[in-house]
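Note that the chains are named A, B, C and D in the order they appear, and that numbering of residues resets to 1 at the start of each chain.
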Amino acid sequence: MSGTWGNNIKLSIFGQSHGKAIGIVIDGLPAGIELNFDYINNEMQRRAPGKNKISTPRKERDEFDILSGYFNNKTTGTPLCAVIYNTNQNSKDYESIKNIMRPGHADYTGYIKYSGFNDYRGGGHFSGRLTAPLVFAGAVAKQILERKDIIIGSHIKSIGNINEEYFDWVNLKGEFLKEIVKKDFPVIDDEIGTKMKELILKEKEEEDSVGGIVETAVINFPVGIGSPFFNSVESKLAHIIFSIPAVKGVEFGAGFDITKMKGSEANDEFFIDEDKVKTYTNNNGGVLGGITSGMPIIFRTAFKPTPSIGKVQKTIDISKRENIQINVTGRHDPCIVQRAVPVVEAACAVSLLDLVIEREGVKWII
Amino acid sequence: MSGTWGNNIKLSIFGQSHGKAIGIVIDGLPAGIELNFDYINNEMQRRAPGKNKISTPRKERDEFDILSGYFNNKTTGTPLCAVIYNTNQNSKDYESIKNIMRPGHADYTGYIKYSGFNDYRGGGHFSGRLTAPLVFAGAVAKQILERKDIIIGSHIKSIGNINEEYFDWVNLKGEFLKEIVKKDFPVIDDEIGTKMKELILKEKEEEDSVGGIVETAVINFPVGIGSPFFNSVESKLAHIIFSIPAVKGVEFGAGFDITKMKGSEANDEFFIDEDKVKTYTNNNGGVLGGITSGMPIIFRTAFKPTPSIGKVQKTIDISKRENIQINVTGRHDPCIVQRAVPVVEAACAVSLLDLVIEREGVKWII
Amino acid sequence: MSGTWGNNIKLSIFGQSHGKAIGIVIDGLPAGIELNFDYINNEMQRRAPGKNKISTPRKERDEFDILSGYFNNKTTGTPLCAVIYNTNQNSKDYESIKNIMRPGHADYTGYIKYSGFNDYRGGGHFSGRLTAPLVFAGAVAKQILERKDIIIGSHIKSIGNINEEYFDWVNLKGEFLKEIVKKDFPVIDDEIGTKMKELILKEKEEEDSVGGIVETAVINFPVGIGSPFFNSVESKLAHIIFSIPAVKGVEFGAGFDITKMKGSEANDEFFIDEDKVKTYTNNNGGVLGGITSGMPIIFRTAFKPTPSIGKVQKTIDISKRENIQINVTGRHDPCIVQRAVPVVEAACAVSLLDLVIEREGVKWII
Amino acid sequence: MSGTWGNNIKLSIFGQSHGKAIGIVIDGLPAGIELNFDYINNEMQRRAPGKNKISTPRKERDEFDILSGYFNNKTTGTPLCAVIYNTNQNSKDYESIKNIMRPGHADYTGYIKYSGFNDYRGGGHFSGRLTAPLVFAGAVAKQILERKDIIIGSHIKSIGNINEEYFDWVNLKGEFLKEIVKKDFPVIDDEIGTKMKELILKEKEEEDSVGGIVETAVINFPVGIGSPFFNSVESKLAHIIFSIPAVKGVEFGAGFDITKMKGSEANDEFFIDEDKVKTYTNNNGGVLGGITSGMPIIFRTAFKPTPSIGKVQKTIDISKRENIQINVTGRHDPCIVQRAVPVVEAACAVSLLDLVIEREGVKWII
């Protein structure tokens, strides 16, 4: 059960990297929404490979085709299916290496789970390419939220050991977030961004790779959304964020660092500001008891270094059951963090839309 | 929708801190399982307050009563309901402070979500006390898993700034894990444990509190469980772990630190050891592509400092909508990390049992 | 997975006929609803046994105890758990007959499913007694719907071969429905009702039993609720109605008889009446394409004769695996149809409430 | 939320009659299953229009294209998506009639639910054409079940007032069922079948339509599958059967007629036959307490007459809000029962496969 998600907005994702098509069914969107396709295309472009030296030179035409659920320039209220056809399905390349389990990839675990029948070409269903349909769904959700003035944005908090400052968890503004989202390499401080890119290129040079942390913020999200326990905002967001390939950690507000604080430091003290309830700090990242507080929702996502590297690695041939060596050839991303940013935002958007509908009904959207 | 969880094993948790009873319904357990109640009581005791100076002196009789689903010393296969009656329901204490929003607690967000109708006494449904039924369910799941030789255990990785080493992610042994689980204050290095306890007492002295990190390991879990994308092992585990009050971060394997590694360092290289597939390192924490690899499952959970502190804090009176000051009186845990350990293991156990049944059917259990 | 139901309102039912208690957790009710307990008790009484000669003389004290989710005379918005303690748990009677598979009961199928570990006393979890918690939940849902002027009512359409007329599917009025609901033996024509009761008593005399059909109507339900395909109103209602023990058929509007009509007879022609869209007939029972039309929702439920009868029947001893004879002693209902009426209405109420929340959000309730 | 269904096998159906494509995502199929495409095509052909005089002369090329989840002639274990492209998308015809609410159709309820934004061309998402993807999924499930010797088959029990006998609920044989399934017009008695077809042609002549009843049987299905209450076999089957357009009733075993029996007639007495537990009769249709008994599963589905008829009918123009008259032109089925037979079997197959996996795990399939 790998591709189905959601309570009020249901996603069903499908496809393999080198299959005929990848795509997504979005069930639960209300009728009558006019989609901004420039907006969607822009989000798709943010994720697309082949744009610059720090990404894979592979070109993928991430042009989606809407098969259903959209009519006369509006959503119909029935399931919306969007597909992206794969134009380049050269399977031959993969035949020779199908039994070589690439370290850090899902080759081995997929082989066991699917008894060797999984599509091994280019990672198959495990491919990062499957995040493209998620970005499509996210771009739909994100623009719906934006109409309610809810803004989602992220910056690259770190690449390897190169860090920049956190978002201002308390006073973050929508205009600022939108500016960040427009950047090719979304950082607050472009000088640090340049250093990050240099590190990526250095690792690329060495046929190695590097990871990083994405910090995401959501502002103007309504207070009182989410539930204690099993439907907490953190639970729902973490669930979908951890479904993105290469994610190894998720934290909210001060996150792991909050464990080093005293209660008197960690607690976000309340005050009333022009009849609005606010907190002086936002170490809880906008969520208390699983429910949104009205402060910015803040979370960070840890991405591991791209597992595909040119360097020689030890591994196994699963059919011969013998130890061998491998160097993964092909055109890899030396770092996937910058391309993962819109994926995190997309996952965040569909998750928050699902939560808000639980409280407000689908009518809220229209 | 706060209390329902699971696909194959369904939990439905209910109750408020000062209501008549708290409890849980566990639906989906197969018939014919003889439960070890000493085992369950022991897990309940690990979570129970009032045991020592570093916990709250509040006594709670966490004696559960099984209302259904158990007959002739065996599970019946129909829903098992266990309740814990609350004996001490002194509501009067809370009347005067019901409009005072305690910082770091869910008082405000609960007030908004429930329009002021939530049970405000002792945190109500948000209370950490609600984790007792979860520990009950976990103790059932954990002993079922142990019969298959699957061992779950945790240590306190840090309290405030006091850290101890990680588990040995590669060579961890079941016997070792079981020894850790037996400890009152589960750490690998008891000398560091003593320092942690001293820190807790120091913060208690100062009417403050402190947080920490729990590291959990699961060994002998079958390979090939979980799915890519929305049902990844990380997604499922993170979802339920983040439903535990006070959790602000979850990471797997090397977690956030993996972002600082190169691909050549982060990748866990495979080798065959006596016909078993293993990895030299385990930076991925036993999960690749959302599916278990057969290596120990490793994850860490960040707990914030107990929000209830005696120190004076700024906050608001929500009914008068004015800024006030508060010092939270009563008997609080200066640190909840040590009591949270069995809760994390319980959540982990039910989640993994749910996942394994997806693949193997409920028959696997028997 | 027997006891969990619902998308927006989640039910978790538990208990066995002769266990400590039976009960239900209702998750998803909004906060701030003051429950009318007279209303609930009245619905419980409608289902209760022991009231008259046509029901079992068994007395069951169906007094519920609310363990959670209700505070200061209002729902809290967190899970509401209600239990009914079983006072009469004489297990001894059942020991001798536990291997005798009563025809028409779930003894055999339960034995196989639960490998002989199910609670066999009085039907265990399969007992009709488990419908008491469902009636509780239904009484909550029903009164919430009534505040929106949505009225649910049923009459006994037939007992054995004794039939009365259908509801007026087009012009049914709320006041009329409420009058029917008040009756001990809810029929439109009390003379026919008397004949029905005579038939029941005759079968009782003969140590036999009889079944019947319940027709249910819902008026003033909003138009546009439900979905085509898998979430059709018929799908949702039929799902929960078929979960009631002894139900063997469900039909909407003209039901099976519509198959004998021509299209020109079956189609409900539309017209506009004072700006309201209506149909001249209502053969579709208020649902078209899975979505409510604003006309009364009409459905009928077929109940089989009570399987417990005094007459000698052939059956098997499952432990000895031999053919034997049985006459089921004890105090049985010669007919359960009249007691099933509030159960059908309860199931209908929770199902419709769940559907309307999908569209309107939980806010609609308040 | 219209297109998503299932617990262990998840379906996500999408498309509109005159959109680009209709299709389905099937999530949860295990890896390594070689599909028999002749089998699938045959099921698709059974449903296809345009084959003979008693169906619509419309031709639809129901050729499916598998976009994902199938590789090297085997399922991959990841989501399988199949689409059917619509070649004939002449929207113009519908512009003029979009505000005319056809009686018996979902035009009006869809208009309200989707605020007028639904795709009105040819019924849009409500179209019977959407059952083609369901037949595809069913053909996959059905062949998986057949490998375990589980046979699903149906006959047309009645068209209008023309009835044939029931299946032999007790002694039905797989070979017999397979013979029925092969027939163009699946009846037990072909002479009665001829009369049924004559009736259909007569109604066609009169620009009217007719309905009927389909009786379905499943043999060799394992005993002990399903659950009491909310996951009863009847609940699960009825849920998905009622999602098929035009269904107005579902009954199991003796169904509504069981209400006219005495308990001593209705009860299916057990006996042991060569160590196998059987019943002499099968009035319960193979299900007791929601759980399969090992006897044939028997149910009947009532289909209303095709709502599209040439005869003049009263209705409304929703935009002008005025009463008008309509005669629905175009090429309609005078009866959809014969084409609905494979749809019922498909829905039955996916539902039973889902239930059996709950107990046995996905491994059972392989």
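Keep in mind that, in the parts below, contacts are C-beta pairs under 8 Å (C-beta built on N, C-alpha and C of every residue); 3 or more make two chains touch, one makes a residue touch a chain.
Everything numeric here is computed off the predicted structure, so don't read it as measured data.
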item: Interface residue identity across copies chain B, chain C - same or different by half; value: same
item: Chain pair, A-B or B-D, that carries the greater number of C-beta contacts; value: A-B
item: Over-half contact-pair match to C-D, picked out of the listed pairs A-C, A-B or A-D; value: A-B
item: Whole-Å separation of chain centres (CA-atom averages), chain B against chain D; value: 46
item: Whole-Å gap separating chain B and chain C, where each centre is the average of the chain's CA atoms; value: 39
item: Separation of mean Cα positions, chain B and chain A [Å, integer]; value: 26
item: In chain B, residues with contacts to at least two other chains; value: 1-4, 7-8, 13, 78, 113, 125, 228, 358-359
item: Touch-based graph of the chains, sorted into line, ring, star, complete or other; value: complete
item: In the complex with chain D, residue positions of chain A that touch it; value: 1-4, 8, 10, 12-16, 19-23, 25, 27-28, 31-32, 65-69, 71-72, 74-81, 83, 113-119, 124-125, 366
item: Residue ranges of chain D touching chain B (in the complex, touch as defined); value: 7-8, 78, 228, 357-364
item: Interfacial residue positions of chain D with respect to chain C in the complex; value: 1-5, 7, 11, 13, 101, 103-106, 108-110, 112-113, 125-126, 130, 158-161, 203, 206, 208-213, 223-232, 234-236, 238-240, 242-243, 245, 247-256, 258-272, 275, 277, 279-280, 283-285, 287-294, 300, 302-309, 311, 313-316, 318, 321-323, 358
